[in-house]
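In the part that follows, the structures are each spelled out as structure tokens.
Look at the two complexes coming up: chain A is in both, with chain B in one and chain C in the other.
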Partner chain A sequence: MYAYAGKILHVDLTAEKVREEPLSQERVKKLMGGRGVNAALLFELTKPGIDPLGEENILLFGTGALSGTCAPSSGRMTITAKGPATNLYLKSSVGGHFAPELKFAGYDYLVIHGKARRPVYLWIQDEKVTIRDASHLWGKDVPDTDELIQEELKNDRVETAGIGPAGENLVKFAAIMIGHNSAGRGGLGAVMGAKKLKAVAVQGHKPVEVARPELFKNLSLRALQTLAGFEGRKGLSLYGTAGLVPIRNEMQLFPVKNFQEDHLEGAYQFSGQYLAEKGYLKNRFGCSACGTSCHRFTTVDEGKYKGSKSGGPEYETVAAFGGGCKVIDTEAILKANELCNRYGMDTISTGSVIQWAMECREKEVLDAEGVNLTWGNGEAIVELVRRIAFRQDIGDLLAEGVKRAAEKVGHDSWKWAIHVKGLEQSRAEVRARKGYALALAVNPRGPDHLCSQVYAEDGATPEARALIKKICGSEKYATHVMPEKRGAIVRWHEDCYAATDALGLCTFVTLSRGYLIDPKMMTEFYAHATGTEVSEEELLEVGHRIVTLEKAFNVREGATRKDDTLAWRFMNEPIRSGPRRGMTTPQKELDLMLDEYYELHGWDRATGWPKKETLESLGLEKVAEELARFGKIPR
Partner chain B sequence: MMLIDESICTGCRTCEFACALQQKKSFHYDFSLIRIRKNKAEEGFFLVTVCRHCPSAPCLAACPVEAIGKDSQSGIVTIDPQKCTGCGQCVDACPWQAPVLSSNDGFANICDLCKGDPLCVKFCQPGALRLL
Partner chain C sequence: MALSLKLKYFVPFDQLMGKTESLPVEDGSSVQDLLATLAAKYAGFSQASLKRHLIILLNGTLCTQDEKLSDGDEISILTPQLGG
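The block that comes next holds the complex of A and B.
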């Protein structure tokens, strides 16, 4: 089999049994890889209503179809499970170098079932699987664990995916870490912690073969030229994702103080530019086959946090800790980032829950002993990261996420608990940006931009405007303040995003930082890698099928149209100042967008449930039967 | 010769995949004649190990069977697999321990600069690899 390793590995931690399953051509044809096959297996192998932290949940690691090749930025992996924060579908995409190594070890997919009796880690080398004792590793942070595993296995080429104390303590937003890279959102780290699985270590010698090596090489070089020719990528390489801070702040689209404000004086001090200028940035890290190397390696060499070093921080990290908490203390932010990486915790949610707590204090409904929760207090964010990871004092409340924390605290604190479906929101201003508003409302895992980043809706570049014209029929829709046609825009991006994830490509090369490796090129990569031709329509249909499967999972869990919504703040509290002052995204506008979106999907308008004929047209007959069994097919 | 700037290597390992593709038409780090490793002495940085076809080429003199030669025009260093016994003296003599001694092949292998148009250099976006 070209490109693929050809096998799925099932590990049952309860029975301590291991089983292989061939990766069928049919699965590959329908879902291509990565996120797609993960979604199908999650739907097939779980029942609705299971406890995400219980024995019946499964944890899937899915490599991309192109992972383990020189296709630019092709080493992404998707990790999937039922999510602890939302009790709904959860996938997280992550970079690093794990995906190629899992393939080299002989497997495209790893499925973890059950729960170990005591802490363990998995060692997978050349199709040989061992469940090893991890009681000496339990409690250790991620970098120490990685090092100890390499020492113990006497192998410094091992790649590891693992959890830190946050996952062990079942923090609702604990991450699974691959080196400095984070599969952050939704609490996958807690799923792993609940299974008492500390880490998965892989290494292998089986090469990845491609059908047309010469053509693959030339296409890869052509793709690199396309990437190099795009001016916007230089900033990404030089300053990382946090290089976006100054422009967003200048445009007053930079959420501050738990989305109360849209601009922060001094935000430059946690921008990617500042980190480079002031020497915090020491090097850049590149994920597998990605020379863009947007990831950072930063250190603090003096002062209070001297000795701090870590991967990152990313835009969302500085936006959450800096903008969100109104903290301008660069080094405190770097320290908070480092601790999140060590403990294995999502910086988006961690920053979200802290700023919620700060607003609670502002509104005098919450206080923390020994921590001053005033806006702008850098020391507080560092201390709170520690307390959350170890569930100490207020940390125990905050570790549950904003939704549950607000339920406990009461006093209207739900009004500023910025979440949808139970997951905290990434830093996107959804009162002004209608496409983002819809995208975040409908994202099956919760409100972030990582399901359909509709970057083109701003019409900021010729490519963006051309794309909007292609999708909507006219460039006049290339503006983020109108709700019309957002359904179409989100639909296209959803499909392209899912196809990207199935191939293992980074969305930074396919759509969210320039539309560069476009669907046509994606089909060419797939053809030269596998020997199988696919059309652009077929590729985007694969994406569409994946998105529909994910929706079906949520529908089976009981999700309806009312779950596709926005936080109260964005529907009721207008933007306070600036060029978009007075804007909200009220229910009426959201309904307009949802109606169009559901219509385009072939989903029932009232419930949001996929119609029977829609599922059948995508070859998802078995999914339709299953949903019918649970009474979830619209009449 | 190859110019390497390790300080800007980001560890993306694209060069290893490019070289593997060139050498063996498939992908694995073991097939590559350029190797990237984490620098354990300096956290956050990487070591780039590849034959640099350097002017001094101490491997030539170190080889007991004269299997290693250097082209006077191109400067490219080559190892003759027919003569090589796999003794490993060239590895010890090389300041970067660049020759790859594979137990499979039985002889030492080094980068051949893709006959003058090295693929790794083309694939290296950070610019850590340059051809002089």
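The block that comes next holds the complex of A and C.
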């Protein structure tokens, strides 16, 4: 089986047993890899209603079909489980070098079952698998854990996926850290912590074989040349994702004070450009097979936070701590970023709960002993990151995420709890961007930008307008203020994102504004890698199958149309200033977009559930039978 | 009569052209005409950049390159910087 290692590794932590399962051609044909196969396994191997932090949940590490090859930016992996933040489907895509290493070690997928009696870590080396004691690692932060594992194994070439104190303390948004990369969203680190699994270490030496090596190499070079000519990639390489700050701020689409404002004087001081100019940026690095190197390494060399050093910060991090909390204090933001990475916490959710707490203080419904929750207080964000990771005082409340915290605090605090389904939202102003609003409302894991970021709807570039014409039939729909045709735009992007994740590609090279590696080129990569031809339509159908499987998981858990919604603020509080002043995305507008979206998916409008004929047409007959068993097939 | 415009440049153009400048252009000029003027003035602001991957804000709002300019307009020139 070209491009694949051909095996799934199952590890049962309760029984302390390991077994291998062949990766079937049928799965690969239907779902390609990564996110797709993970979604199928999660549906098949779990029962509805299980506790995400219980023994019955599973944790899946799935490599992309192209991971381990030289295809540009193809080293990504999807980690999947039932999510503790939402009690629904959760996937998180992560870069670094872990996915290729797992494949080189002989496995496309790793499935963790059960729960260890004591802390353990897993060591996988060239098809040899051992479960090792990790009692001495429990309580250690992520960099220390990585270092201690390397020392213990006498091997500094292992790749690790591990958790810090936040995962051990079951923070609902704890991350799994892979070096400086993070599978951040939704609390996968807590799932790992609940299983008492401190880390997975992996090393392999068997190269991935592709079916047509010469054609594959030439295609990779062609893709790299295309990427090299793209101005946006140059900016990404120079300044990282945080280079987006001045641009979003200039467009007045930069969320400030928990989405109460859209522009911040002084935001430049936490931009990627500023970090480079002032010497905070010390290094740039990339994931496996990446030609862009968007990752940063930054340090603070003077002052109160001297000695702070970490990967990042990313746009979402500086936007959450800087814009969201109105903190114009570069070094405090860098320290907060370092601590999140050290303790293993998602910076989006951490920044979100802190800004929610600051708004609660402003509205006099919450106070924190020993912490001044005033907007702009850099010391407060650093202190709260610590308290959340260790669940100290107010940190215990905030570690539950904004939805649960608002339920406890009461008053109107739920109105400024910016989440959907229980997951905190990434920094997107969705009152002014209708397609983006729909994309966040329907995202199966909750509202963020990595299941369908619909930049093309802006119509900002000729390429974006051409894509909108291809999807909608006319360029006139290339404007983000129009609700019409958003269903079609989101549907196309969702399918394409899912296929991107299944291949293990980075969305920065396939789906962000440039559309550099388009679906046609993706089919060429797949064909040269595996020897199996697929059409563009078939590739997107794989994407549709994956999205429908994920939806089916949520439906089986009890999700309905009412769960596809937006945070109250976006539907009820207008933008206060700037060119989009007065705009909201009200329920009526969202309903219009949802109707079109469900119709295009072949899902029932009233419930949002996939129809029997849709599931059957996608070859998901067993999923249809399972949903019927639970009375979840629309009449 | 010449139109006086305020131009703001963002990454990566700010490295080449500075962060802001005031520039006069002929009455009746469009955004496209302005970009041609900039290409003549700055060798690195290539023709390729004019055709692909460029975001133009006219007084804070997205516009196309066909848009006509008025005296006192503020134009921001950006690339589709990726983020996440």
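Note that the second predicted complex is superposed on the first by the 634 of 635 C-alpha atoms of A that agree within 3 Å, B and C clash if a C-alpha of one lies under 4 Å from a C-alpha of the other, contacts with A are read in each partner's own complex, and residues count from 1 in each chain.
FYI, contacts are C-beta pairs under 8 Å (C-beta built on N, C-alpha and C of every residue); 3 or more make two chains touch, one makes a residue touch a chain.
From a predicted model like this one, the values you see are computed outputs, not experimental measurements.
Put the two structures on top of each other at chain A: do chain B and chain C fit, or clash?
They fit: once the shared chain is superposed, the two partners occupy separate space.
Of the two partner chains, chain B (first) and chain C (second), which one does A:449 touch, if any: first, second, both, or neither?
In the superposed model, A:449 contacts chain C only, not chain B.
Answer with first, second, both or neither: which of chain B and chain C does A:205 touch in the superposed model?
first
Please work out whether A:228 is in contact with chain B alone, chain C alone, both, or neither, and reply first, second, both or neither.
After superposition on chain A, A:228 lies in contact with chain B alone.
Once both structures are overlaid, what angle do chain B and chain C make about chain A, taking C-alpha centres and a multiple of 10 degrees?
Placing chain A at the corner, the angle measures out to 80 degrees.
Thinking of the overlay built on chain A, is A:458 touched by chain B (first), by chain C (second), by both, or by neither?
So A:458 only meets chain C here.
Minimum C-alpha distance between chain B and chain C after superposition, to be given in whole Å.
So the smallest C-alpha to C-alpha spacing between these two chains is 16 Å.
Would you tell me which residues of chain B are touching chain A in their complex?
Listed in rising order, the residues are 7-8, 10-14, 17-18, 20-22, 24-31, 37-38, 43-45, 119, 122-126.
For chain A, which residues count as touching chain B in their complex?
68-70, 72, 97, 100, 104, 156-157, 205-210, 213, 216-217, 220-221, 224, 227-228, 237, 282-293, 295, 297, 299, 309
Which part of chain C faces chain A closely enough to touch in the complex?
For chain C paired with chain A, touching residues are 8, 10-12, 14, 48-49, 51-55, 57, 59-62, 76, 78-84.
For chain A, which residues are in contact with chain C within the complex?
Residue positions touching the partner: 229-236, 238-239, 241-244, 246-248, 250-252, 273, 294, 314-316, 426, 449-450, 453, 455, 458-463, 507-508, 512-514, 578-579.
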